[in-house]
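Let me begin by handing over the structure; questions about it come next.
Chain lettering (A, B and C) follows the sequence in which the chains are written, and residue indices restart at 1 in each chain.
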Amino acid sequence: MSRLLRQPMIVVGGLLLVAVIAASAAAPWLAAADPIKPVFGQRLQPPRGLGGAAGHPLGTDNLGRDILARLLYGGRISLVLAASAVALAAGAGVVIGLAAGLVGGRLDALVMRLADVQLAFPVIMLAIAIVAVVGTSPAALVSVLALSGWVLYARTVRAAVLTIRRLDYVEAARTLGAGDLRVVAVHILPNTLAPILVLGSSQFATMVLLESGLSFLGLGLQPPQPSWGLMLAEGRDYLSNAWWLATVPGIAISLVVLGANLLGDGLRDLLDPRLRQ
Amino acid sequence: MRSYLVTRIWQSAVTLVGVSILVFVILRVVPGDPAKMLLPEGAPQSAVDELNRHLGLREPLWVQYGIFLRSVVRGDFGQSFQYRSPALRVVVERVPATIQLALTAMALTVLVGVSIGIVAAVRQGSAYDYAGTVLAVLGQSLPNFWLGIMLMLLFGVTLRWLPTSGFHGWQSLVLPSVTLAAFPTALVARLTRSSLLEILGQEYIRTGRAKGLGEPRVVLRHALKNATIPLLTVLGLQIGTLLGGAVITESIFAWPGMGKLVVDAIFFRDFPVVQTILILSATIFVVINLLVDLLYTVIDPRIRYG
Amino acid sequence: MEKPRLSRRRFLLGSGAVLGVAAGPRAARAQARRGHVIAGLSERMLTLDPANHYSISSTSVLRHVYDPLLDVTNDDKFVPALAESWKPVNNTTWRFTLRKGVRFHDGTPFTADSVLFTLKRVRDNTKLIKSFVYQDLEDVRKDDDYTVTVTTKRPFGSLPAHLTMLGMLPPGAAGNEDAFFQKPVGTGPFRFVSWTHGDHVDLEANTKYWKPALPKVEKLTVRFIPELSTRAAALRATEIHVIDRVWPDMVSTLRATPGIKVLDTPAVEAQRWHFQLAREAGKDPRIRKAVSLAIDRNTIIKELLLGYARPVVSPIPPGLIGHTNLGQKPYDPDKARAILKQAGYQTLTLDFVLMKDLYPKQLEIAQAVAAMLSEVGIKVNIRNLEIATAREQRTAGNYDLFFSGWAHMPHDPDWYFGQWFTRAGAEKLTRFSDPRVEQLIAEGRVPDPKVRQQKYEEIEKILWEQEPEIWPYYSVAIYAISDKLRNFEARRDYYVLLHEVGIA
């Protein structure tokens, strides 16, 4: 544990994430204003420091709603969605990648072909198909996001498996009678942990941005419920005259990504025994 | 090795057929009526039905697919519903712009991303490392459109150094490719860094150092070679992103590329164009990944495929 | 009787052309033709065939290459183009007298044969998008080289309006259409040079255009730039000269840029949010009334559209036949609440479907409406769907309120009524059905404008009372141009016509 704390990256990254998550969780207490109800007459006000009125530290959006409130409430939705999607994608991807790498043969071929076929489709097409059939809902959105992400994990894990299982000491372990599961747990997983952590932390940002893209294509969450993705999408039309609409959620996303990346890198530095110090 | 190649080629062919069937079916099963998209909002249902009949959409699914396959073999991908021109021509018109943008963005990604990754890894823990991390974070989290529009406003409108949109010569490539490359560059930088760090700590590198090889040589020759595997994995996948996923960048910069074409075609339910693009890009994708897999064996002799 | 109102000037010009007396050598009198105008339009052109599309943008672009029989001016008058005059002989017959001395870009003379070919083609080839409009044509007959008589199956008073959108084709295109449309020729002020699908189209001046001294520029390029910020950026960077479909929020940025002018004009478009009359909410006129009362249209116009919209006083916008003044719909949330309470509705949920990105600020406006309706106890689910899916949902009747608009294309309300307020037309849409309205619509098809006005006013009174739709505002068309562009007219129908513009 103390080793954990001695890695500055982990500390900084972790704190950042915790701060963002905590702020979003505490939205009802931190945000004084209603994030949903429009207030005509105070549209597009700049943030407090740049000429805006008191009471709206981050300004107001195109319907006069307090951006800070929307940011916090929106954070809840976006973070949960992105985390679920990453978890789902990583979980499925790792399992599939392990299976493909370990079992090999037909299963491997099938899985990889399936991955290829799916990857050849733009995410948008998959999203349209899924949404057209099940409608727009958070569950549908998470599925689409996870669907777009699992392959990266599967391939990375599979490649690592293929490399590692041929290594001398692994072969040795197997000759000595270690079962597959043990090989996986002791040798393979720890070595795949590093790239997975890196991927996972970088995918988090992708998921939020993907949610944004889908939301403004009408395939994601529906307004007026805020999410960072929707805020980005709504702010896109106002970049030249009210840039804070899109920039504020963008900064929030950046902070989350920074935190996740630092945390991921720090963990990887810590966990991988082969890294030089 | 040869049998592996044959198997892989066969599998690629199967993949392609699978893609074509999937595209075909999804397009026709998902709600959305091409005739309704072409006809104005208040056109009578009889006109809609008639147009659908003309577009060949009233036949049973398998009949349509049969007709489609037979035409494809002859090089005829059908008539675009939107443009009433051969779909293949409509798509191929977009190829030069797409390829140029993709290659430029790719080059930027590799050059800038790998460089940042190397510097960060070699100078782990230093200010360079942190700077690299921050840049990577920005690259990954800045929304595409935000970066694109900001660049356009700064360099196109305010400074007037570069064209704001369209494809009018090499200057037009700059802003879109920077925008498009931001995310993959960040990803590549981080992966390069982490792969390098892993490898730099390994036995045989230490041996190399002990043997007295200079640091740069150690890094470049041995470490990079081994870091290439995860790198190639990601790059191979990024090509798909660059080709088909560049839609936002292409929209912002009015870039006449395939990304925007395919999304517009999907929204418009222009089946022939969607089919053409997906099959073509699937082909490219499959070929590239085949090459990547083959490169694995060249780069890391420890990976053998039975 | 429908007589074109010829101004003295146009009459002289027209006669001049007819008599071949172009008052001296054209070259000497014409100003030097110069410059290259570049326009940035929001909607891409889809085809070079005037009969095979129904899009405002394509109509606008193709108008430069082809001439129709008649044009509509920005003050809603029908004026001669390739037809010098036209009149209804009886309720089902129109006679057109054609302009003489006009040639296609390849030298072929324009005669009645062109008209016959063009009209018969669009009627008979049901694969063409505009075909359904012309199914009512019974016969197209050539009386002589410059006179055509068209008979219709039932009264077709809006035929001239439709014809403003149909460019005339040379009869030589027959049997050879694919090749023809690779490099089409028309009689228009510009010749076709090239088209890159979805990106831009290049045109060059037709030096022998039948209107003297036009066009004023040598070359015209139309670029298709769907993103508004990109369009605006290109204009501000002086890469292009004119853009269309500007949003209210963009106006201040554009005005603040030196060298740019912003022009706006009320459009011939009314926004309309239609109820699904077969569902619970739409079926009950009290609910419809309550919804109407709960919507503060003036706030929407003032706050969200920044004044770039006009209050609605009748379903048909000003400038079209049928427009009348029925007063503005009131905003009265208290009354709305009372009606709902009296009708026994404690809570009500409405599905409000939008077609993604179709109308400016629609998502914002929908959210504002949702807030307004929640004030009176109605919960609104906003469903912002991609266009194709939204339309399927509409056909299936899966919505309560549907966000839409109607830009009158052509400048005639007959189609609007026929499609949305007859039983057959609305069957797979709103499911509207009212025999009295249906009869009035049929009666309004005759050519006599006075009769039509009267019938349409009656229809509108009924609709105003029943409120099967909410008409929140009339749109305003906003354009921005470089101040180097001379003589640009901001059109009410969203067309961007550049025949008469010049570059300073």
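In this section, a residue touches a chain if its C-beta (ideal position, glycine included) is under 8 Å from a C-beta of that chain, and two chains touch if they have at least 3 such contacts.
Not measured: the values here are computed from a predicted model.
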Chain located farthest away, centre of chain C as origin (C-alpha): A
Pair of chains joined by the greatest number of C-beta pairs in contact: A-B
Most centrally placed chain, judged by C-alpha centres: B
CA centroid of chain B to CA centroid of chain C, Å: 39
Centroid distance [mean C-alpha coordinates] between chain C and chain A, Å: 45
Centre distance in Å when chain A and chain B are each reduced to the mean of their C-alpha atoms: 20
Shared-contact residues (touching 2 or more other chains) in chain B: 31-32, 149, 153, 267
Overlap residues in chain C, where contacts from two or more other chains coincide: 229, 233, 386, 389
Multi-chain contact residues (two or more partners), chain A: 128, 132, 236, 239-240
Chain C - residues contacting chain A, complex: 228-229, 232-233, 247, 249-250, 252-253, 299, 303-304, 354, 356-357, 363-364, 366-368, 370-371, 381-386, 389
Footprint of chain C on chain B - complex, ascending: 31-33, 36-47, 50-51, 54, 82-85, 90, 93, 149, 152-153, 156-157, 160, 163-167, 251-254, 256, 260-261, 264, 267-269
Residues on chain C engaged by chain B in the complex (per definition of touch): 46-47, 49, 52-54, 126-127, 129, 131-132, 196-200, 223-227, 229-230, 233-234, 236-239, 386-389, 391-393, 395, 404, 406, 409, 415-416, 419-420, 424-425, 427-429
Touching residues on chain A, where the partner in the complex is chain C: 36-38, 40-41, 43-44, 62-63, 128, 131-132, 136, 217-219, 222-224, 234, 236-242
Complex contacts: residues of chain A adjacent to chain B: 104, 109, 112-113, 116-117, 119-125, 128-129, 132-133, 151-152, 155-156, 159, 162-163, 166-167, 194-195, 198, 202, 205-206, 208-209, 212-213, 232, 236, 239-240, 246-247, 250, 253-254, 256-258, 261-262, 265, 268-269, 272, 274-276
